[in-house]
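The data blocks that follow each hold one structure.
Both complexes below contain chain A, partnered by chain B and then by chain C.
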Partner chain A sequence: MNRGKSLFLVIVLLFFCATAWAETIKIGAVVSVTGAASFLGEPQKNTLLQLQDLTNAKGGMDGRQVELIIYDDESDVNKCVMAARKLLDQDQVAVVIGPSISGNTLAITRFFSSAQVPLISCAAAEKIVFPVNPWIFNTPQLDRHAALKILQDAKVKGYTKLAILTVSDGYGQAGRAVLKELAKAQGFDLVADEVYSPKDTDMTSQLTKIKGVSPEAIICWGTNPGPAVVARNRMQLGLTIPLYMSHGVASDKFIELAGEAAEGLVLPAGRLTAVDQVPDDHPQKTVITDYVANYSQKFNAPISSFGGYAHDAFLLVHEAVTKGGSANPEDIRDNLEKISALPGTSGIYSYSPDNHNGLDEDAFIMVIIENGTWKVVP
Partner chain B sequence: MSVSYRKDMFWLAGLFIVLMLTPTILPNNYYLTIMILGCLHAMIAVGLCLLVGHAGQISLGHAGFYGLAAYTSAYLSTTWGLPVELSMLAGVVLTVVVSILVGMPSLKLKGHYLAMATLGFGIILSILFTETVDITGGPSGFVGIPRLSLAGFELHRDVDIFRVVAILLCLLVWLCFNVLHSRMGRALRALHTSDQAAQAMGIDVARHKLFVFVLSAGFAGLAGVLYAHYLTFIAPASFGFMFSVELMVMVVLGGMVSVPGAIIGAFFITILPELLRAFEDIEIILFGLILVVCMIFLPDGLAGGSARLWAWVKTKLALGCSRG
Partner chain C sequence: MSFLTVIDFSSLLQYLITGLTLGSIYGMTALGFTIILNSTGVINFAQGEFVMLGGMMSVYFMTALGLTEPVAVVLAVLGTTVIGALVERLAIRPVRQSPAINLVIITIGVSILIRGLVMFFWGKDTHVLQSFSGDTPIMFLGAAIMPQALWVLGVSAFLLVGFKFFFSKTLHGKAMLACSFDVKAASLVGIGVERMVLLSFMISAFVGAVGGVILAPITMTSYDVGVLLGLKGFAACILGGLGNPFGAAAGGIVLGILESLGAGFISSAYKDALAFVILLILLFAKPSGLFGQKDSKRV
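Coming up: the complex of A and B.
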C-alpha cells in the first residue's frame, strides 16, 4: 500500500518535471565571445544572459520559462558552422540569435532554411537580408541607413564634392559600396576614393592625396582604431575639411583613442549612444533607459550598441512568442513578420515578408563630438 | 610485398571500415559536420606528413593552397556557371600548377628560410583573397556556391558528402602508402637525413622535393574544393596563417613520420574543441593544456604513444596468460 503510494507520488513528480521541462522555450545563440570580434560578442552574451534571467523572473515568455543555449564561435567560420549545427540538430532550439559577424551569418544561413528554424542575426551586412531569405532576419541598422543619414546631413550643409576613406575589411568595403552607390544616385561628386588597411598606423598619405583634390567633406568608414588615426592625422596635417565618421566608431572608446582630434566630428549613431538626450516622449526612451540601467548595474561596464543588437533580437523573439502564443519555429517566423512598430534599442522594428531588417534611416541620429562627449545634432 | 606494407594496408582497411560505419553510429548531422571537416583536415595533414615527416621540408603555406583551390572552384562554378565537377578539377589543377611555380625556387631554401618563403606565399594569397573584392567577395566572404555534385546529382544530404569525402581520404592514404613504399619513398627518407648523401646515391634531390611538395599541395587543393562545395560559403579568415600553423600542429601531434598519426592528429585537433565546448570559459586553456601534456608525454606523437600503449597492453596480457 505504502509502496504503491510512493510509486504514485514518484510518477506524479516525474510527470510534473517532464511537463515543466517540456514547457521551456529553447533559444539558441552563437556569438563571438572570444577572437577578433570579441568586442561584439562579449556584450551580446552578457545582454542575453541578463535578459534570460529578467524574463524568467517575470514569468517567462507566454508563461513558459526560457532556456538559453549560448555558444562561442571564437570569430571563426568553421566553429560557427559547428555551433549552428549543434543548436539545430542536437539542442533542437526554436530560434537562434546571432552570429555577431556577417561572414559567419552568411556561412550558416543555408542550414536554417533547410531546418526551418528562424535566425535573427546581430550582423549588419546587406547580403544577409537582401534578397530576403524567409528564415533569416537581422537587427542592426544597415550601412545604407547610416550612409543615407550622412548624405542627408551633407546635402543640408550644401556640400557637393565628397571624398571617401574606407578600411579594407568587410565593414569598410560594404560601406564603400553603399556610399559610392548612394552618392552617385543623389548627385554628389565623388572626387576621391581612398582605402587603408585595418592594421595601418598612419593615414597621412591618403589624407594628403585627398587634400590635393580639395573636397568639401570627407567620409571615413571604419571601426576602431583606424578612424581615430585618421582624425589625428587630419589634425596634424592642419586639414579643415569637415570629417564624417561612420556608426562603427559610435562608442566612448573612439573619443578616448582620438582625444582632442575627435572634437567637432559628426557621425550617425543609434540613440543608445546619447541616452540622456533622447526626448522623454520618444517611443524608444523606456526600452533604452531600462537596458542601460540593467546592464551597467550588473556588469559595471559601459554600454555598447553591439549588445543592443542582441537585446533587440531577444525582444523580437519575446514579442513574436507572446503575440503569437506559440514557440514553434514556423510560428515564431510567421509572427516575426507580423511585428510592427516595436521599439528596440537600435530603432523601431517593423518586419514584413519582404523586409527582414525592419529599420530605416530614422534609427540613426546625427551626433557631434563636443568637449569629449556626444551631442545630438538638432 | 613487405610486411610493413601489408600492415599499412590493414590499417587502411580498418580506417575505411570505421569511416563507412561512422554515419550509422552518429545520432545527428552535427557530428557528421565535425567528421567531414575532420576528413578534410586529415587529407591536408596526410600530404603535409609526407612533406614534413618524410622529406623533411617545412611548409607554412598550405592554408594558402587550400584557399586557392576553394576560391578557384567557387569562382568558376558560381560566377562562370561551370559544372561543379569541372570547376573542382580546375581548382585542383591550378593549385598544382601554382605549387610547381612556388616550389621550384623556394625548395632550394632550407630550414627557417623555407618556412619563411612558404609563410610569405601563404600571406600573399590571404591578402589576395581579402583585397580582390570583385572576384572573391572580399573579407565578408563568397556566398552562393553550389553544393557538391557527382555526375549531375547534387548531394543534398550530409551523409552522402561524408561518404564521398571519406572514400577520397582513403584513396589519398592509399596513394601515400604506395609512394612511401616505393623507390620514391626511400629516396625521400634519404634526403630527409642528408641532401648530400642522397645526391651521392644518385637521387635527384630537387625533383623529389618538388614532387612531394606538389603532391601535398594537390591534397590540400582537393580538400579545399570539397570544403567550398560542402559549406557553400568561404571567407578569407578560414585560409589564414593560423590555419597553416594548425595544420602543422596536426602533423606534429600525430608524430611527424606516421601517416596514421597525421590522420589521428587531424581528427583530434578538429574534435577536441567541440568536446571542450561544455567547459565554456576555460575551453581554450584546457585545449592548450592538453596539447602541452601530449607533447611532453608523447614525444613521438599520438601514433607513437598509442603504439607504445598497445605494446604495454600486449605484454600485460601475455604476462597474465602465462601466469594463468
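Coming up: the complex of A and C.
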C-alpha cells in the first residue's frame, strides 16, 4: 500500500510540475537571421534571446517564466508564412514578435486576425499599421516620421528647391511616395526625382542630372551600400549641394563605407545612434544605456537600431503582461492598446485603438556626421 | 525642367566618362568569359565570382592579416589565379568528357559554392578599398574624372593589348586557340589540351581578379557583387560577338555607355532595362554580335 501511496504522490507531483511548465508564457518570434535581411534579423535574434534570459533571471513576466520560440525565415516570404503557421498552430504562442521585413509582415498579418493572436512587427512599412488591423502592431519609426524630420530641417535652413534620389526597392519607393506627398503639402519645389537600383555601383549619372537642375538640397533614401556610393560620387563630382540621408543608413557601417565623403551629411536617426549625447534627463536615457551596455557586453558587436526594434517589442509585451496581469492573447492585445508614454530604444510609445505604431517624429533626432562620428544637431 | 536644359556639354562628357569606366569593367569580365570559351567551348558562369574574389581577398588580406594595400592586392590576384586553377582541376577536369552544357551547369554550381563560402567565412558586409592614388577628382572641361577611373581604363587597355599579343603571337596563345577549334586535332599535333584548359582558367581568374581589385575602390565589394557583374559581362560578350576578345571589350564599353546615357537622359529607373532592350534589338539585327563572325561549316 505504501508503495501505491508514494506512486500516487509522484504522479501528483509530476502533474503539478507539468502545470507549472504550462504556466510559462510562450512568446513566438520570426526574424530574418540569414538571407538578404540578416543585418536586421541577426541583432534582433540576439536581443530577444538576451532579453529572455534577463527577464527570467529577474523572475519573469508577472511572476511567470518566459519561453521564447524563435524561427528564422531566411528573408524568404514562404518560409515566413510557414514559421508563422507553426507558431500559431503548433506552438500556440501568446504573442509573436517580428518579422524583420515589411513584405514578410504583410504576408502573414491575415493569419493573426483569424487566430486572434497579436503580432508586433519589427518592420516599418506604413501599410502594416495603416489602416489599423486590431491584431497588428509595429515598433520602428515610420518613414513618414523621418521624412517630416528632414523637411523640418530643410525648412529651417530656408531651402525651397529639393531633389530626391531613391533606391528602387520597397524601402526606397515607400520613402519616395512619402517624400513626394509631404514635400508637396509643405510647399517645397521638387525639381528632380531620380532612382537607382539596389545593386548599382555608380550614381554619377543621376547626380550629374540633378546638378543640372541646381536644387538647394538633395535627399537620398536607401540602405547600405547605395547611399555610400551616392555620397562618394557627390564628392567625386565636386558637388557642394547639401545632401540629406535617410534613417536607413544610421549605422557606423555607413561612415566606414562612405569614408571622407560622409563628412557633413545630415540625417534623421533614433537616439540609439548617439547614446552618449542623449541628455541625462531624457525619458529614454536609462532604457537605451541599459540595452547598449548589455548587448555590447554579451555579443561584442556594435549596437544597431534594428535590434532595438525587437527590444522594444519585447518591452511592450512585458509591459502589457505585467500591467494587465494576464498572458492571454486577447488580453495582451487589449493591454497593448492601453500603453502610454512607455520609453523604448526607438522612441516613446503610446498605443491606442487607432494608432498601432505609437511613435511620432520626435522619435528621431537630426544628426550630422563630423570627424567620422555622429553629432546631434541642436 | 525642360529636357534641353539638362543636356549641356559637361554633363554629356560626365556620362561618357562614367559609362567608359563601368564599361571597361564589364569588358574585363567579358574578356574572362572569352578566354575560357576560346579554349574549352564552355561559358564559365563563375567568372563574376573571380571578380568578387579579387576585391574580397584584398579586403581580407588587409583587415585580417594587416598587410598594406599594394601587397594585399597582389596576393589577392595571385590567390584568385590559384582558385581558378583549383576550379579547373577539381570541378572541370574530372568530367571533361561531358557535353559542354553539363560543364556550363557545373560552373554555375561552382559560382554558388564560391559565393556561399565567402559569405560564410567573411560575412555579408560590404567593404571598401582605398583608391590607389587618392580621391581628388581631375576636372576636365567641367566633368570630374576620378584617378581610380584612369587606373581602370589604363589597366583594361594594357590587358587587352597584352592578350591580343598573347593569342596572335605566342605559341601558348595559338595553342589555346587551336584547342577551341578542335580538341582532337589539337592533341594530334602535340598540344597538351589539358594543360591549355588549366591555363585558360588561370588566366581568366587572373583577369577577373584584376578587374575586381581595381574596381573595388569605386564600387565597393561584397560577397554578391559577382552576380550582376557576371551577368553584365556575359551580355557584353554576346554584344561584342562570342569568342572575340576585342569584341568583348568593346561590347562592355558600349553597354556601360548605354547605361550611363540612359540614366542621364531618359530615366534612371529604367537604365538597366534600356541597356538590355538595345542589346536585344542589336541581336535581332545582327545575331552574331557587333564583331562576331558568322558560324560557317565547310562540308
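The rule we apply is simple: the second predicted complex is superposed on the first by the 373 of 378 C-alpha atoms of A that agree within 3 Å, B and C clash if a C-alpha of one lies under 4 Å from a C-alpha of the other, contacts with A are read in each partner's own complex, and residues count from 1 in each chain.
Here is the rule we go by: a residue touches a chain if its C-beta (ideal position, glycine included) is under 8 Å from a C-beta of that chain, and two chains touch if they have at least 3 such contacts.
These numbers were taken from a predicted model, which means no experiment stands behind them.
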item: First (chain B), second (chain C), both or neither touched by A:Pro225; value: second
item: First, second, both or neither for A:Arg85, with chain B first and chain C second; value: first
item: Chain B versus chain C as contact partner of A:Tyr196, first or second or both or neither; value: second
item: First, second, both or neither for A:Ala125, with chain B first and chain C second; value: first
item: First, second, both or neither for A:Thr204, with chain B first and chain C second; value: second
item: Partner chain(s) touched by A:Ser168 [first = chain B, second = chain C, both, neither]; value: both
item: Chain B versus chain C as contact partner of A:Leu257, first or second or both or neither; value: second
item: Which of chain B and chain C A:Val213 touches, first, second, both or neither; value: second
item: Doubly contacted residues of chain A, that is, touched by chain B and again by chain C; value: 168
item: Complex contact set, residues of chain A against chain B; value: 34, 71-72, 75-79, 81-83, 85-86, 88-90, 102-103, 106-107, 110, 125, 127, 168-170, 173-174
item: Residue ranges of chain C in contact with chain A within the complex; value: 1, 5-6, 8, 11, 14-15, 18, 21-22, 124-126, 128, 135, 137, 139, 144, 146, 215, 218-220, 222, 225, 227-228, 259-261, 263-264, 267-269, 271-272
item: Residue ranges of chain B touching chain A (in the complex, touch as defined); value: 27-30, 33-34, 37, 130-131, 133, 138-141, 143, 231-235, 237-238, 273-274, 277, 280, 283-284
item: Chain C contact footprint on chain A (complex, rising order); value: 38-39, 168, 191-192, 194-197, 199, 201-202, 204-206, 208-209, 211-213, 224-225, 228-229, 235-238, 253, 256-257, 259-260
